[in-house]
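In the two complexes that follow, chain A is the common piece, with chain B as its partner first and chain C second.
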Partner chain A sequence: MNRRNDAVLGTRRISRRDTLRFGFGAAGIAATGGLIAHRSANAAGGGLGGRWAPWPHQGGETIVFLSTQLRPVEEAEKMRNTILADFEGSVDFIPEDTGPFNDRIAAEAEAGEGTIGVIGAQHGDFAALAARGYLADLTDLLQELSDRTFVEDYVQLGKFGGEEQLYIPWMQATYIMVAHREALQYLPEGLDEESLRTSLTYEQLGEWVRNINEAEGQKFGLPAGEDGLLHRFFQGYAYPSFTGGVNTTFKSEAAAQMWQWLKDTWQYANPQSVTYGAMDEPLLSGEVWVAWDHVARLISALRERTDDLIAFPAPRGPQGLGFMPVVAGLAIPKNAPDMEASRALIEYLTRPEVQATTLREVAFFPVIEGELPGDLPPGVQQEVDAVQATTSDPQALPSLLPVGLGEQDGAYNKVFRDTFQAIILDGNDIQQTLEQQAQNLQSVLDAAGASCWAPDPESEGVCQVG
Partner chain B sequence: MTARRLGWAPYALLLPSLAFLALFFAVPMVRAFGLAFQDADGNWSLESWRTMFSDTEFREALVTTLLLIVIIIPVQFAIALAMALVVNARLKGAGFWLYIYAIPLGISELAAGIIWFAIFTQQGWLNSILEGLGILDRPFIFLNYQNRGWLIFTVVMAEAWRATSIIMIILVAGLQGIPRDYLEAADVFGATFFQKVRRVILPMLRPSVQVALILRTILAFQAFAVVLALTGRGMTVLASEAYRWYSDYRNPHVAAAYAGFILLLSVLSTLLFLWLLPTREEQFR
Partner chain C sequence: MTANVAAPSSERRRRARRRLLGRVLLYLGAALLALWVLAPIYIITVTAFSPRSVVYDYPKHLIPREVSAETMDFFVNSTGVLPSLWRSVQVALVTLALSTLIGAPAGYALARFAFRGRDTFRLAILSTRAFPIVILSIPLAVTFIEWGIYDTIWSVALMHTALALPFTVLITSSIFVSVPRDLEEAALTLGCTPISAFVRVVLPLALPGLAAASIFTFVLSWNEVFAAVILTLRERTLPALILAAITESPAPFRFAAAWFMAAPSLIFIFLIRRYLLGMWGRVSR
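Up next is the complex of A and B:
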């Protein structure tokens, strides 16, 4: 552990519970055409007009752009052929799995010779890189980009609790639900297509998929496969909605109720869920009728069968409508071959019109405030509507991505996956499993020295599992 | 020629391959072992091993790995022997069969897993065919984590398809080394086909069988892409856990402990085969 890491862990103070709502919320509202009032000065001029002066950079060399995002072939192609089309330099966009991604950056940092110009990754992917001090300080770049207003929460996340801006926000996303229209006939009493968007509860969701099961079989689906994002369902949705927290309520009475709910509901889930990395294919093939997943992992289904599918917010629980905005950022390794070129690429990707293209093409939402075009493809528009319904819901309860875990990020997710495995798949006792996993969770938090993050209340020192 | 007259030449010729092995095999292996016995701060520690042994997935992964080996290897051997005998019978077009059999060798493990996933998934080929024939009226879920038997069956199918040819090729090479005289002598004494296989071919094949078993078992300990592609999180093996600890949980130390454990099992199984199936020379030593 070097000094950089200590600095990150020691001075971390992320207390943005109140402002968080403005994060995804603001952009979500912006996405449907509203303007942001609370930052009007900057946002007012920030339409989609092409008022961007060409950015000075030395052309010639190809910029290597290594990314954990936009990995599916179609998305990568859209990145190369459409989103990057107007960039003046030449870019080699390389999507990579997290493992090789980390290896390559670490190897280049240790070898002292870098080829990577820009790194695109999720907040969580950056945590370990930031802790090891591989990322260049971009504070001045952010200042140069003051003509666009980034969502403030994401700017803060990009500092990892320190002073230096280690990544610039790039794009954001969240999770929603998608169902087949055929499934609507089995909605429980009192729910219809409209109220589905505004009042669906976890209990009703359970009843709904039970009704479907009686008529059609196990058609509920969660991404519980190898690459699935199931852990986010617990961290950002089920836990906050049932318990109002995550870590501090991990083994609470309410948490046990949540697991009991899932245990009851899981009987109606397609048992092939453990093989699903993304829910778009099972929705398209019809083996799943009701699914929860990341917007980018649902978009191809919504695009392909826009008329057969509907998108709506995740359900609400006793404590509110838990949801989790996730952010991807752009960073530059300290030993990038051409700093200026790398900075020019970041400048390009955060232009409002490029952000709009990104939404249109790959369904990742902008991280800057301003209006969005009205000509979105119908599938994307459905997602935008569902996201907006989520963020503008009076019961909305946003959760941060895990903060301050550094290299423990993966171990943190493992606790939730293991708990799911034990309770749901192996049928172990709920309370006993929670007691056991709570210890694992505490040792992860201890190892990282992380204090609590939203929706858990702020903590003095290391977050205590409750 | 004696070694003395050759001087240093053989050693010089060995050097490139030795250097290659040292650089790309021995060094990473030693470093991996180093990682397994260190904690995150670089101090010597058994922490990773403790984490591995106490991990909830460890037992499951070990049991599944061993179970798969115990099922797959005999199945593969029986099929490979039959295939090798067909190829070696010098029937018309024997070469053609050799090529057909060798096709899966050219396919990566993960690709093989995906092919078989497309067959066994709910809306896959197998269900479509069974529904088309009227045998099923609703797709049957083969890849159901609640039904371990089917999961293992699908993995065994995929593995048998993918990796039987390698055994077959070793056995074909072994078969071709059996002098015709022995078989002709057996014919003279009126041996049936199965008597020839049992009394002549299998004993003469022993060195090839030993090599094939060792090779196949080591590969089976390392296999995980097929399991991952077919069963997702429904089933786990040791190599999957090594991969997850490295790639998902970002803990190279525990991943290295898993790798070390796999190596240990491979060495043990190799010793076991050497002991169970001594070749003629070893027997008389």
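Up next is the complex of A and C:
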């Protein structure tokens, strides 16, 4: 079975891994750096009418840029004052929670009168908007931007399975682990700070937090709170690493082993884990010494206490080092007040130098191929190193964000959180729970009509839970 | 005989002791209640003015060792905070004016006139609070966009007035009930018109109650987030702005924002407090 999967996935896996590597700029840095220079020279002579000439747009109207990303005060200020500083027009950057964000876009679409120029959001946030037809087709804009090479997988995600390009990739991120330096003395035999980056297994992670527990108490942490991203831990990390798949291996024997591992390890986790939305604060306060989370939810800890913390890749399992890159995109609502101005803003935000500034200031990674800037703040540099160690690992096994779920996105995540609740928190039987939840998972996939996505092998028709 | 003499004095002593115990318990209870309210405000204030590194210290220091306005400074000067503070004040004042202008006469009518369907009307007023605004949010936003007042303080003030009216009507009506009818009638016999009797006799007596109602209205408008978030985009009120900016911000900013939100309404309540005390003094007489 595994052999066959490997054969089927063989070529695909390599190409995905490569694109992701390029996206993070981990491989072939010199070569891609050269490419960028070459390409911008081409652009100068191309249809853009001079290098990076601003789009022609009338009037001095302020563009409203509504975003579910970069909500924290400091990040939003950096967006306004640094990242957008060189833009020719004026931009009102307004971060907003997903709930009101959706309502507002729906209201403007229904009223037929728009004030929002550009929408910045995560792939998952766009699903519902795309399904209801609120987003303008940006296929021609993507063609105009052909001088910057977007990560191909992300471009495909922006089509939502259709022909029209509904969003342009904006920035990407992934998940890593962060630990206190004090925790290093409890590393299991055979592991040190260096090998932590290259060979940590789930087994060893369990042993490590058990050692810490014996000496210092429950210091392991996962973001299992209501706002936490725990479901991604299963979808992109634990499942792929243990089983090599997600949906097709949901109730497999390997999956049961994964849940058993978490059950054994959870007793060393800080009981407050079920309230954590982001791991930066528990790490800063010292309640937690070893944590896994989204890079954007760890950066403030790494910035604040750079010398006390260490960032490293997520552990690897029997099937490899599962990890999940996530993407945010830029879209334009159909009734945007000034289409040209909106397009100019997207053009600006996807420029290589602006992408580099975005990484430096807010720790979101570029979505175009190219060399990463060298002058990064130490906290960001730590994240970059951990991410590069992940993507360049020979065992790396990238997962896509759930594809083609549309409005079922939330229900899909809920299956994983419910399974966690049942097995880990309520102590139910693993196999029995997996049987039950597999049915829920299948009905979600059926309702969405979604076929399998990486790391599951491609399916004909709806993805079948196994 | 001796037993008879001893009995009343021991009885008296026991009663005095009980009264003392009662008073101690009362003060203890009052102190606990005050602590319940003041302790969080104190901790928020201390933390809001601490340096960032201290915020994460555990256990917390009850007496601040270092004072720093660094986080506060960044928060207050970050984009939109000061204008939205001013907008929040405007919205609250407009809401206050509108809901008093509409609510007080309605309350007066409920208190003074017996008309068919009065009780139904009284109940119907409350039913507006039974509609969850969540399901109204999109239609409301669409309507306000069509009227051209979307994203202005007026749309938010109108919404807040609608939310505050039930309280204003019910509170003012119970206040007007407590103003004796005789006084008003006496004024009428002495040459007042109904309006001047209301203005010169009823209103001064009802002022403390109106002050209480206005506290409700002000605090409601000041704290209301949901409608403000949906109905504004660039012209945010303070809670709407803070909700978007703070839920995911690090703890120091949350403390700064909490203090910044709480302070103005505390000031308002302190200003209006003397009218409230007046109410207990006068109406209960």
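By our rule, the second predicted complex is superposed on the first by the 414 of 466 C-alpha atoms of A that agree within 3 Å, B and C clash if a C-alpha of one lies under 4 Å from a C-alpha of the other, contacts with A are read in each partner's own complex, and residues count from 1 in each chain.
What we mean here is this: a residue touches a chain if its C-beta (ideal position, glycine included) is under 8 Å from a C-beta of that chain, and two chains touch if they have at least 3 such contacts.
Computed from a predicted structure; not experimentally measured.
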{"item": "Chain B versus chain C as contact partner of A:304, first or second or both or neither", "value": "second"}
{"item": "First, second, both or neither for A:286, with chain B first and chain C second", "value": "both"}
{"item": "Partner chain(s) touched by A:254 [first = chain B, second = chain C, both, neither]", "value": "neither"}
{"item": "Which superposed partner A:76 touches (first chain B, second chain C, both, neither)", "value": "second"}
{"item": "Which superposed partner A:64 touches (first chain B, second chain C, both, neither)", "value": "second"}
{"item": "Which superposed partner A:97 touches (first chain B, second chain C, both, neither)", "value": "both"}
{"item": "Touched partner set for A:224, first chain B, second chain C, both or neither", "value": "first"}
{"item": "Which of chain B and chain C A:108 touches, first, second, both or neither", "value": "second"}
{"item": "On chain A, positions contacted by chain B and by chain C", "value": "97, 277, 285-287"}
{"item": "Residues of chain C touching chain A in the complex", "value": "52-53, 56-58, 74-75, 78-79, 137-138, 141-142, 145-146, 151, 229-230, 233-234, 243-251, 253"}
{"item": "Touch list for chain B against partner chain A, complex", "value": "40-41, 56-57, 117, 121-123, 138-139, 141, 143-147, 228, 230-234, 243, 246-251"}
{"item": "Residues of chain A that touch chain C when the two form their complex", "value": "64, 66, 71-74, 76-77, 80, 92, 94-97, 100, 103-104, 106-108, 110-111, 113, 115-116, 277-278, 280-281, 284-287, 300, 304"}
{"item": "Residues of chain A defined as touching chain B within the complex", "value": "1, 97-99, 102, 128, 217, 224-226, 228, 270-272, 274-277, 285-287, 407, 409-411, 413-414, 417-418, 421-422, 425, 447"}
